[in-house]
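Lettered A, B, C and D in written order, each chain numbered from 1.
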Amino acid sequence: METLLYDQNVELTTTQTMKALVYHGPGKKAWEDKPVPTIKAPTDAIVKIVKTTICGTDLHIMKGDVPTVTDGRIIGHEGVGIIEEVGKGVTNFKKGDHVIISCITSCGKCEYCKKGMYSHCEDGGWILGNLIDGTQAEFVRIPHADNSLYPIPAGADEEALVMLSDILPTGFECGVLNGQVKPGDTVAIVGAGPIGLAALLTAQFYSPAEIILIDMDENRLVVAKTFGATRTINSGAENTIDKIKSLTKGKGVDVAIEAVGVPATFELCQEIIAPGGHIANIGVHGKSVMLHLEKLWSQNVTITTRLVDTVTTPLLLKTVQSKKLQPNQLITHHFKLSDIVNAYETFGNAAREKALKVILTNE
Amino acid sequence: METLLYDQNVELTTTQTMKALVYHGPGKKAWEDKPVPTIKAPTDAIVKIVKTTICGTDLHIMKGDVPTVTDGRIIGHEGVGIIEEVGKGVTNFKKGDHVIISCITSCGKCEYCKKGMYSHCEDGGWILGNLIDGTQAEFVRIPHADNSLYPIPAGADEEALVMLSDILPTGFECGVLNGQVKPGDTVAIVGAGPIGLAALLTAQFYSPAEIILIDMDENRLVVAKTFGATRTINSGAENTIDKIKSLTKGKGVDVAIEAVGVPATFELCQEIIAPGGHIANIGVHGKSVMLHLEKLWSQNVTITTRLVDTVTTPLLLKTVQSKKLQPNQLITHHFKLSDIVNAYETFGNAAREKALKVILTNE
Amino acid sequence: METLLYDQNVELTTTQTMKALVYHGPGKKAWEDKPVPTIKAPTDAIVKIVKTTICGTDLHIMKGDVPTVTDGRIIGHEGVGIIEEVGKGVTNFKKGDHVIISCITSCGKCEYCKKGMYSHCEDGGWILGNLIDGTQAEFVRIPHADNSLYPIPAGADEEALVMLSDILPTGFECGVLNGQVKPGDTVAIVGAGPIGLAALLTAQFYSPAEIILIDMDENRLVVAKTFGATRTINSGAENTIDKIKSLTKGKGVDVAIEAVGVPATFELCQEIIAPGGHIANIGVHGKSVMLHLEKLWSQNVTITTRLVDTVTTPLLLKTVQSKKLQPNQLITHHFKLSDIVNAYETFGNAAREKALKVILTNE
Amino acid sequence: METLLYDQNVELTTTQTMKALVYHGPGKKAWEDKPVPTIKAPTDAIVKIVKTTICGTDLHIMKGDVPTVTDGRIIGHEGVGIIEEVGKGVTNFKKGDHVIISCITSCGKCEYCKKGMYSHCEDGGWILGNLIDGTQAEFVRIPHADNSLYPIPAGADEEALVMLSDILPTGFECGVLNGQVKPGDTVAIVGAGPIGLAALLTAQFYSPAEIILIDMDENRLVVAKTFGATRTINSGAENTIDKIKSLTKGKGVDVAIEAVGVPATFELCQEIIAPGGHIANIGVHGKSVMLHLEKLWSQNVTITTRLVDTVTTPLLLKTVQSKKLQPNQLITHHFKLSDIVNAYETFGNAAREKALKVILTNE
């Protein structure tokens, strides 16, 4: 009823329009006019996008791999912006506040949110740019704004904070925290794409002795070195398992972080894990993998999976403010938001373009 | 060199003989004469067996499934006994002390032992009745006795304590602790054999709300009920997944303990686990299993494997002394040690004989 | 301004009245007419009290010991009831729902709430019957209802659930969880009043080997035995330290729970704690205590304090539903709500009346 | 009997002598001849000292503050050396091995050692240079050598590793681990002496946002800045509590590490700790302190004490090898071992001499 009322208002007043990137089925997208979103529930906020980015998941959506995304949906689940309007139930924010938009929507009051497992929020989770319209637009509606937005401290580098919407909490929570990285550990990260590199940056919070990055793209391995990898292995050119075994005196690594999402890389993690070690999966897998319990049953290993909860966003923000973490290292390209179709082209050819994350600015 | 010296001594004195159960290749075993073991290292103890038992693993050995066990080996890795002699380096025990023999030998000074991961001790681990002679004999030599034996308190029920050699720490460490059972949890235990029942008994330390036992053997499910299962599911007669889903409002269980060791039961654990849940593997697997990462990648699950470390033996001993745990519930049959071949016959037909654990007494 | 508006409305409509227990300064209280509370914020709920109780803290308030409580305040922070009305922002509850009222109000969206430390909620914490009107009344307004109320399952014993408002989470969180009670532990609880007994009931979730209750009131020690204490010590009649030392072979207890709140009992905890042990303070202290760092600095002890967060209410509810916890054991007396002045008289003379918790029913 | 035999041998052969620093009662010490120590138990090793140092505790001993140290005792509990001889039970080391000597002797087989609480080892703990002769000598006997010595990797900077005998594990275990320092935390370290600085160096393993060092010695605060302190407060010149409150928006610090050992500094920790915070005591206290439970009872704080266990020595060694930790930062002065009396003079006037740790080399 309340929603109806709002919809009526929208129709009665002159509907404002904005530009947004809209999905129109596999392979089809357009930068087109859409109505500016309006408050639908008292806990909503409308945010004017300042900067956003493109995620690997968005590429999957565009291919038609994510069936929950339907024709007409505005894509995107990352960004920073300025509060345009808040519902009557929003108390943490007001018009004009600068905010980080979390990729995960959290109601703060369901069983899962109370446990800090926002990814499975009963009225949220990953819905932005998936079940509801997203951030690759001039404006976005954020439900449960008090729990799903984070205030940007005065003077912060807002562009860098776009990396806190998704990629850094993902690398940190699913990879580093689940992998239980400790001082002195030997850590292998399989996959040196943006997510693997986010795990690399945040693994250093815990001072492991070795962080070994494994990938087939030599350029990414060079980048990994500059981001703090102590060693790199080009798995296309070297025998990864032999090399890891020789580096670890035959024992294997304490933590293996899977940041690709295909059977071969998960298989590799099983081969290189030491007794008592942790395999932390970040990759979005499309197929089952073989789990070698005939070997692992006695190896005291722990395997974890996780959809990012973004429960560590406040912690990450503190590490950015204190310069322990420099998220802008992940940014390689800049575009105007209105030039997003070209940005997709660049990001979609990441290896060729040497692209990690692209920033889209709403000018 | 030192060892050589000892061997010479043995030959010079009259070698004493004892009776022991000896493996002679697949399908062949004999209750026959063997030399009484002697101290080989200053940290050894010789223990006179008072009571021992047979493990499911021993049945596998007898079939030839455990290639590390060779012709001539005395089998058995469980039991209680009385110290007959100690090496000069043993300080925790003296002749006449009553002891529990741990199935895991721990040196107490390697990297793994210092971490409490005795199962991977660099000079121990599971060697008893495997790489060295075991406990199904009148005497046994226990290396690293100070760390591998536990004193039996005066007045304790020694027979019950045979269950502390292997089965109870296995169910507790690999199943309950790794599964992180908490008050109020819903726990499923797949497999109601001795190991599953050991997990059932020790899961109750943490007051879960529900413990659901799943098996195809109706007799075992009846036993499980008397041991504290709040529900049982006969997976041969009912649709287990549907039933679990209906019991948990579609959510699944917080903890799934795999206590069988075949792909189908591990598969079942994946089907019934709730988001955020723990799958704790106890089963000794002979084959790989499918891991459904295409579904689980986003479910925040934790999967663990473990060879028992027996690091909880002192804790378990306290729970036995305080009657929180009554291990003799697991004992169904008694034999004289000299009647061990019949005991194997009974234990090898556990379902027909309604056997859980058999006690062999050295009279 | 919004509040003003509501107040105006209240004056414009016919104000409904109810009966409530009102504090009028030290030593003065009255069961008198007050306006029925109304919704002030969209996240509020109005609850019709079904059953409530009196807390030791209420006695302190009545003496004038709690300066934040001012003349005219309705007292009480425990109870169960039925939702009468909800604000527009409340989604977990609707009119007619049966609920447990938590003694702690939690907004679910401040820094502390997100950490599970509801006791320090920036817009809540312990405010009921303290900074805002409480539950010893026919109706109560509950702010942040979605996060501060808990649904009562159909068929539950509602009277028993009054114990989940405060006393059981307090004993459990501040005593048992902070004390890190483990299977096989030796636990001492100093003070066998309602809070100490709540710790006793919930400590049993973790199967300690010994739970020793210490008090000077013989009647309470008798009750403690029936609630599961393995031993009791009358500290007025026996040398407590000597007795504990003799029970623990000179070592002391693994966990000491302080449930009184005076220097002497905290002192006792320091005397009886084993190396590596935990002292968990529950008591509300009015004075500083001596901390014997000259002795404890090398003893690897942990001392904790905590105002209850009620973050375990869902867990406790599951243990009640599964009969692991029977909160009605704590209830000794029943009164009509309108007879609350007499109930205070009984509860205020707890030793003489052998009173633990009294139930007040709004008939 | 075996001991007797060894003692006889010593008398029968020509007793070898060495130089050592010997305590002769309060205020009296001498660099004098003592017999070279010999193997007394099969688990002993004799180590030739290469480098040693002086600890603040040694100064206390020299003043007569440590009653367990008696006339004739060789002082010192830190150092690196070369194995001269091992008993028959020692298997981790052989003559010629380079080793770190731990200040804590651990048998590896008592209840406390099995829990990783080596400080309370039933046949060890802090005995070196206390109950048995210590390391400020040309040779030292190390009991339970397998568990109390650590191998020095080839090519390591041995001098730096002297800091792993005591000071770094103490700062790390008692301060940083007990304080549960996390990424993004605000940490205060009260006392910028060697122990406080050791906590500062190792706190950085966990990437806190702020580490505030508090001391009255300006020189030490300057050093602290170069060691990674983000801020310093001269508590003699500034109002520490006000400054901390203003730095933390009135909230206080997440972790307060007490590294002095007097009532005033422990008092300060209580004043500056945030709700939910950790106070980790490292200081060796001679007197009781006031614990302000009247304020802290509701603040959800954790207070810990600990005698260093040295259980993290292997971890610390890995961080040194990987350059995450550079212990030689703590070394300010060098002396020949034979010049130890002068070294005591310098170290005893640490403020004037700007001394942190002194290295004594056995040339």
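Here is the rule we go by: a contact is a pair of C-beta atoms (placed from the backbone, for glycine too) under 8 Å apart; a residue touches a chain by one contact, two chains touch by 3 or more.
The model shown is predicted, which means the values in this text are computed figures rather than measured ones.
The equivalent interface to C-D, defined as the listed pair sharing over half of its contact pairs by residue number with it, is A-B out of A-C, B-C or A-B. For chain pairs A-D and A-B, the one joined by more C-beta pairs in contact is A-B. Averaging Cα coordinates per chain places subunit A and subunit B 44 Å apart. Averaged Cα coordinates give subunit B a centre that lies 41 Å from the centre of subunit D. Counting partner chains per residue, subunit B shows two or more touched chains at residues 314. Across the interface of their complex, subunit A is touched by residues 182-185, 204-210, 230, 314-319, 321-322, 324 of subunit D.
Looking at the complex, you find that subunit C touches subunit A at residues 42-43, 88-89, 91-92, 107-109, 111, 113-114, 116, 123, 146-147, 311, 314. Taken together, the subunit C residues at the contact with subunit D in this complex read 112, 115, 117, 119-120, 261, 266, 275-276, 281, 283-294, 296-307, 309.
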